[in-house]
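Each of the next two complexes has chain A plus one other chain: chain B in the first, chain C in the second.
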Partner chain A sequence: MALALLRREGVVAVGAGQAAAAAAIALFLLLFLITPVATVIYVAFTEKGSGAFTFVNFYDFARTDLFVRSFWNSVYVSAMAVVLASVFALPLATITTRFEFRGALLIQTLGFVPLIMPPFVGAVAMQLLFGRNGTVNLLLDDWFGLKIPFMEGLNGVVFVQAIHYFPFILVNLSASLRNIDRSMEEAAQNLGCSGFRLFRRVVFPLALPGYLAGASLVFVKVFDDLATPLLLNVKDMLAPQAYLRVTSIGIADPMGYVIATVLIAVSILAMWASAAAMRGKDYSTAQRGGGGLSQRRMRRWESALAYFVVFLILGLVLAPHLGLLLLSFATIWSYSPLPDGFTLAHYTRVFGESFVYIKNTVLYASLAGLIDVVLGTAIAYFVLRTKLVGREWLDWAASAALAVPGVVLGIGYLRTFYGVQLPGGQPLATLWIMIVIALAIRRLPYALRACYAALQQISVSLEEAAENLGATKARTVRRVVVPLMTGGILAGFISSFSTAAVELSATLMLVQSSSDAPLAYGLYIFMQSPAGRGPGAALGVIAVMLVAACAFLTHLVVERSQGAQGLSS
Partner chain B sequence: MRYRIAALAALVMGVWAGPALAQNPTGKVTVSTSFSKDVTDPFKKAFEKAFPGVTLEVQNRNTNAGVKYVEETRANNQTDLFWASAPDAFEVLKGKGLLQKYQPKATGIPEKIGAFPINDPDGFYFGFAASGYGIMWNERYAKANKLPEPKEWSDLAKPAYYDHVSIAAPSRSGTTHLTIETILQGEGWDKGWRTVKEMAGNFRQVTERSFGVPDAVNSGQVGFGIVIDFFAFSAQASGFPVKFVYPTVTTIVPANVAIIANAPNKAGAEAFIEFLLSPAGQEVLLEPSIRRLPINPAVYAKAPADYPNPFKDPSLGARVKFDVDVSEKRTAVIDALFDQLITFQLEGLKAATKAIHDAEAALAKKDNAQGRALVKEARDLIAVMPITEAQASSPEIAGAFTGGKEKGARQAELEQQWASFAKERYAQAKAKAEEALKLAR
Partner chain C sequence: MPEIVQNEPVRVRGDALQPLGVRVENVDLSYGANHVLKDVTLDVAPGEFFAFLGPSGCGKTTLLRLIAGFNQADRGRVLVGGEDVSRLPPWKRDVGMVFQSYALWPHMTVWRNVAFGLEERRLPRAQIKQRVAEALELVGLSHLADRRPSQLSGGQQQRVAVARTVAIRPKVLLLDEPLSNLDAKLRVQVRRELRDLQQRLGITTIFVTHDQEEANTICDRIAVMNEGKIQQVGTPLELYQRPANLFVASFLGAANILSGEVVGAGSDRAFRLGEVFLPIPPGATIPPGAKLVFRPQDVQITGKGSGAFSGTIVHREFLGAMTRYGVRVGGTEILIDAPFHAGDRLHEVGQEVAAMVAPEAMLWLAS
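The block that comes next holds the complex of A and B.
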């Protein structure tokens, strides 16, 4: 371990190019994250009415039962969601990466789909399946005269959040597992270690960067998420409290912004804690022997068990999407286990107008994803490989974006960029590129964590070797670091891309005309009326299919590149 | 002098030529609205047909986001119209000087609908459709749970409806806010809050957006919802098994439209308002997916037979004299009271209500005077308010919410006080009701 630390000290030559790149990223974050958010959130530090600077609002926060209760509820829900999400993600990740398993690629893709839950319509589908009078409970009531409160109270939030966000762990853990060098495992096996012990003592610890990246994301995301608690009508959690206060008009109340400040602080703290947990440990492996873990063939009963577990988990986590699919074909679905009838009318209704939405969604989300992996890779590199002053701050600032409510970012953008006029007199904030930047900022933490974990697994000695052979820093990054990080970068891209594709809260403030609108916005306008439910669900299905197809393609690329790596060495 | 004559002539010509010829609107008319696509699409189509060469650009935002948007973009406004239900949102915009005065030329529209003036008396925003509040329910749900059809607000307070009713938080939904305000004005402060809290004891949930309530009733997750009428009518029109009733204490209020100050396409904005108020525009309201009440009485001639008509049916909204000034002064206080006493204390309130229901059921079987007295005490403990009606609109308390000059208690302090006030009393009420239950055994 000491050796590892020493090695890390070794790679510190700070080039002017690096400093300039870091400064550019810092400027980007300052301009598009910190300034807009600060223009909104400074209210937390002012007295209502006079606007004088004060900390009294934080004092009030600590003295209000509701807020204190909300705080602890949020902590409880986030922690439990991480536990339950791990229960879903660990078997899927292990089975698909460690064993020869037919359909591993499909499972990786499907396991990823829960992350893409279109706003509103996803909630309706969930309620129709798992709600108090949803399919499951109506049938249970019919057969056994009992109901299970899946979606009630804090534990309901834990259940839904775990289903929704476990892909973060799955994606990052799988990328990490694939990156472990086979020689480590073989060495352990030669020393007589096998089975579960091998997994617990060697494989899992080596994959820890990926697991922690995913788990910390789940924790922070659940802590900051407001959509799910609100959909379950749980209001005494912190993020919903902030949202309810910020978006109610007529109440010029600083408390909403105080809560937002607390959310940001907790998010940074959680990220710092996960970084601290990794400090002083070296997870990199130097040799790139056989291209990732060896995949063991399973015995028959093992394979049966594996299929059973995989189908059980997939069935559970994909149930909401099945509900969505049913809803999109349903005529009327009300207080009954299944819809009254089926129709294609909803798809014909959205068919014409969905093209422009699809085009915009793919354009915005892929641009945002691209920006995110570029920034994510760069920030991860600066933090892990250089000694630039304040490099951690880049990481923390970017991660703080996770805690900024979308509506706060949206208002901040209007406030900061609406006054800036383009040559035609058009305000800068009305340009569609601003939607892309807002999406990129909001989804940057996902890509960043993935890139960070990928880089942690790469041994510095590989870069040193390249530099010893005469490669420049920039060339080393381009030819050695980035190719070795491919898996992590792509995992980051998928996370950012697919969640950006269904993002609504910031978009709602920034969309200026329906020709610039993404799918989530189109969905939103449908879901405000009873007749719009079916078409909304149809658009939701289109969104999920679209994102899933992109995720599948990306997985395919990962598999190919890993295969190629294995062959060439 | 010459100019003045010319202007006068133009004015006369304009009036004579009628709205369509007064100006020639062209180009893009941008409207920020909270109405769904089902409402805006038919209007867009009809408007663009009536004025060739004009396109209606619809920007969908919920009412709160829309107000914030107009406010944040005032320096370089690109929006022509604001189009939404809740009159209070328009009051906020008007108060901030974000609306433009206009005098609609349409004829045949009365001054009042029920007791509510259709247009803003100062001429900043105009009603174009009316809506009333009432109770909506899912027939399948009611049948499965053997629940009777409700008629009045107080019906929802009956034990049978425990855990079956849903409402949107008034702080989140302008329409629900008006419902609560209507009950308070119709029944008086103390009696009104008693009704509201007795109903609230039966709430299944308090949602954070207006449409959350009809959505839950439509899918049968909740049986009964307190909603604005068109949510129910349009759900019926889409085939959902739902019904709706107007209680006697209801008010009919207009949904509104207004021109935003410095509108880039003022002529287009005016043309849109005139279109909405014209018979052709009013008839669009009758479409099954919209189903709102026209404000032009003549248009009802073309409506389906069972269409509610507030101009003919005297029970619709005429009972309550809705006082806009009273409402406006205490808006934020009512919202905060509801949130602190009901929304965030729902668990305690429901536990107390359940205990009272159980005790009353037991007392009905085996009467006990002391038990009756205890239950009455418990009910009074739930009903009691932390502040009086006069205090609610006093400058000290209202100032805490709007950031007034007087240095009184801060909003957060008041809210904490009210919350603990309610929490304590609900716990006491529960204890008393449980005591009564023991006596009746």
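The block that comes next holds the complex of A and C.
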């Protein structure tokens, strides 16, 4: 009897502890995600001054030529970026997964490299390489007397964005291609189908869900990106308009909020469309009695062609890094295919005066990553392992951050927290911790996915065994679940950290003084003046190295922890 | 009109198709250092229902995939209908294969799955329609044509996989453990259906399984494989009655395999198991090092008599139609199956009994 009572109390206590944790997370999300976004939407629908509900702001939006043009430009650029990114990703994914291809791992790794540099930094390097008077065009002009407008106007944005974001398609597509059981193809061959027809009729349809997932992500990312068009001096796109409106006219002007609302709507629409297209198409074909992946050996000429294509694409997508590296060592680089001379001066300068950016970035991104994995682990645990009421809501809210453009979050924070005064009279919105929170919110969906994946791999029976041996729920989580999830949690941390380290859209709004600014902001400032490009490039190279080193380190740690658990083969 | 004749690929035959034989000649195949098929030679007669039977990992799937063209032999060749197909890619072989996993394409409906091979053969639309309908009719799934594979039960998926393969009217039908993903009851039903279907189509069929009962019940002939080698080829009865070696004897049904020593000479020869001597029937030829093999039901528990030996019952399993006794004789244990009839009394564990092996049931096999 006493025992039964004790047990019951124990259960209640567990429930209360979980509920408290869940409530804290819910409050955090409510405060820093839902409220700011709701504020933005609310302002967009209220009349300036009176505060009455109105559509007039949207009517104004639709009547303003600049905004309509910006909207269509954004749609065009995003769609074209998806197309071009697909052109890069499709051959790489196919060649490295469906064929025996030496260096496949290297290519898959190099394919990631573009992601670890802010696209606007790449934009500067791309100007120097592909711009009207860039290396390529100067050479083309010399040899053939022609110039190709790679970087003119919207083209430039499409080109830079496609190169930056194509890894999203590459990764997702490769994963689905790798999941196609060889018997799927063999059955088709057995029935008389081969070659390109086989790819078109069987392989590609099966990989389509992965492709769509990647493509929709690219679309949304490009649609929301702010700094790349600004640096390429393209102002008539939607995200830059939102930023310019709020920074030039002020946070009271409703038009910035209308644009922000449109950005959210398009993001949600794009994600909804891809989810709808994928519904019922979860083609995991790895099956019992199946033979795993089939990798075809290439004939000699096929192999030669494959190498040519792969090198061409890799050359293109790595060009921004190469350009940046050259620029960071260049004395003067203008109207010539290569820099006039080389120097270390930019690095000395950057280390001297810009070290604070690096320090801030490491601090902000680590804190954001930490917040993300704590929230991610907790939410994943609530959803997968408990019957807590409202747990799906937590998951839903955390994932919804994916559909909130950085500019929108930035604007929302300004509007919501500017009025909140700290004891010293300083507005809450101007505190550096707000940058950290914005970064954490923006990256939470990625960390959450990683935590889900990690938790799903842990069999429930392992936890039950611990409880059976007398460990309470909380102790089971601490002693069994978290240690087993380490790899996944670290993976979540690194993806949050490395993307937060180069994020700019939300930060651009929130940075108040350059002593609080992270790297990406510093880069942006440097890159805006021609004289700042050398030091900017040096800073960019440092940022890339920083992120790459962290990624590599985490990879090592994950490998080791998985190896210790016997998870890796 | 000549065009129409050309539209009709040669390999599409009418309903009265002439079954073709399959011949595998001196095939060797390795995966790296792993020598998986060792000098395999095999003849499957036209129209035959043939089985590859063997334990897991012995190379059955490998051999089947070799015939389908998914594996390349290091040596040897494969002939279908007397024609060497070793150099043909899978899509030119016209050898229909049903995969163990069924390999139904999840992005196509049942109808589209079945139509796939016909479309690849560029048949006219009307003919595709008719042949898909026929194939679905054949497996009794016409009403599910619009479903996706994920909306079908295991047994239905299996039948779609069969329909998809027979729709192209292949020269030979290959089935890789087609029943292994089904539950025990369905397995019995589906294997009958498969046999029926094969009889109706008259198509040469090779069936891979590691279940001897499956092979015995539906196949005309069986090739028993072990460690990449064909151990014996024959009808189920031949294999059971006259196993060529110890592996075949033990793999097909229960067998007592006794090692001992031949003592005496001429008509007084006996097989010594510890202190017990079993008389050897006159005229038996015993290869050197051979073991004595006999089936449990070929031993009878009798009163003492000539040729009988005695032992102690150490365990007993009542199985309904018969009782299986474990009897300790000399140093070894012998299984004895005694049929059970109403009113029979069972022997008790610990009881001493005398037993006798029917002389014609004794086999002397070397490994």
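Quick notes
Rule of thumb we're sticking to: the second predicted complex is superposed on the first by the 297 of 569 C-alpha atoms of A that agree within 3 Å, B and C clash if a C-alpha of one lies under 4 Å from a C-alpha of the other, contacts with A are read in each partner's own complex, and residues count from 1 in each chain.
The working rule: a contact is a pair of C-beta atoms (placed from the backbone, for glycine too) under 8 Å apart; a residue touches a chain by one contact, two chains touch by 3 or more.
Only a predicted model underlies this, so the values are computations on that prediction, with no experimental measurement involved.
Of the two partner chains placed by the overlay, only chain C lies in contact with A:Pro205; chain B stays clear of it. Of the two partner chains, chain C is the only one touched by A:Ala187; chain B is not. Contacts of A:Leu244 after superposition on the shared chain: chain B is touched, whereas chain C is not. Partner contacting the larger number of chain A residues, of chain B and chain C: B. Legend: residue contacts after superposition of the two complexes on their common chain; A:Arg197 is shown touching chain C, with no touch to chain B. In the superposition on chain A, contact is made by A:Asn233 with chain B only, not with chain C. In the superposition on chain A, no contact is made by A:Thr348 with either chain B or chain C. Overlap of the chain B and chain C interfaces on chain A: none, as no residue is touched by both.
Contact residues on chain A toward chain B in their complex (touch as defined above): 48-50, 56-57, 60-61, 63-66, 124, 127-128, 131-134, 230, 233, 235-236, 240, 244, 247-253, 255, 331-336, 407, 411, 414-415, 418-419, 421, 427, 429-430, 508-509, 511-514, 521, 524-533. Interface residues of chain A, counted against chain C in their complex, comprise 181, 183-184, 186-194, 197, 201-202, 205-206, 208, 280-281, 283, 285, 287-290.
Put simply, chain B touches chain A in their complex at residues 30, 34-39, 57-65, 67-69, 72-73, 75-76, 78, 88-89, 92, 138, 140-141, 144, 169, 171-172, 205-208, 211, 214-216, 218-221, 231, 234-235, 237-241, 289, 331-332, 335-336, 343-344, 399, 401-405, 410-413, 415-416, 419-420, 423.
Note for the complex: chain C touches chain A at residues 68-70, 89-92, 94-97, 99-101, 103-107, 116-117, 120-121, 148, 164-165, 168, 176-177, 180-181.
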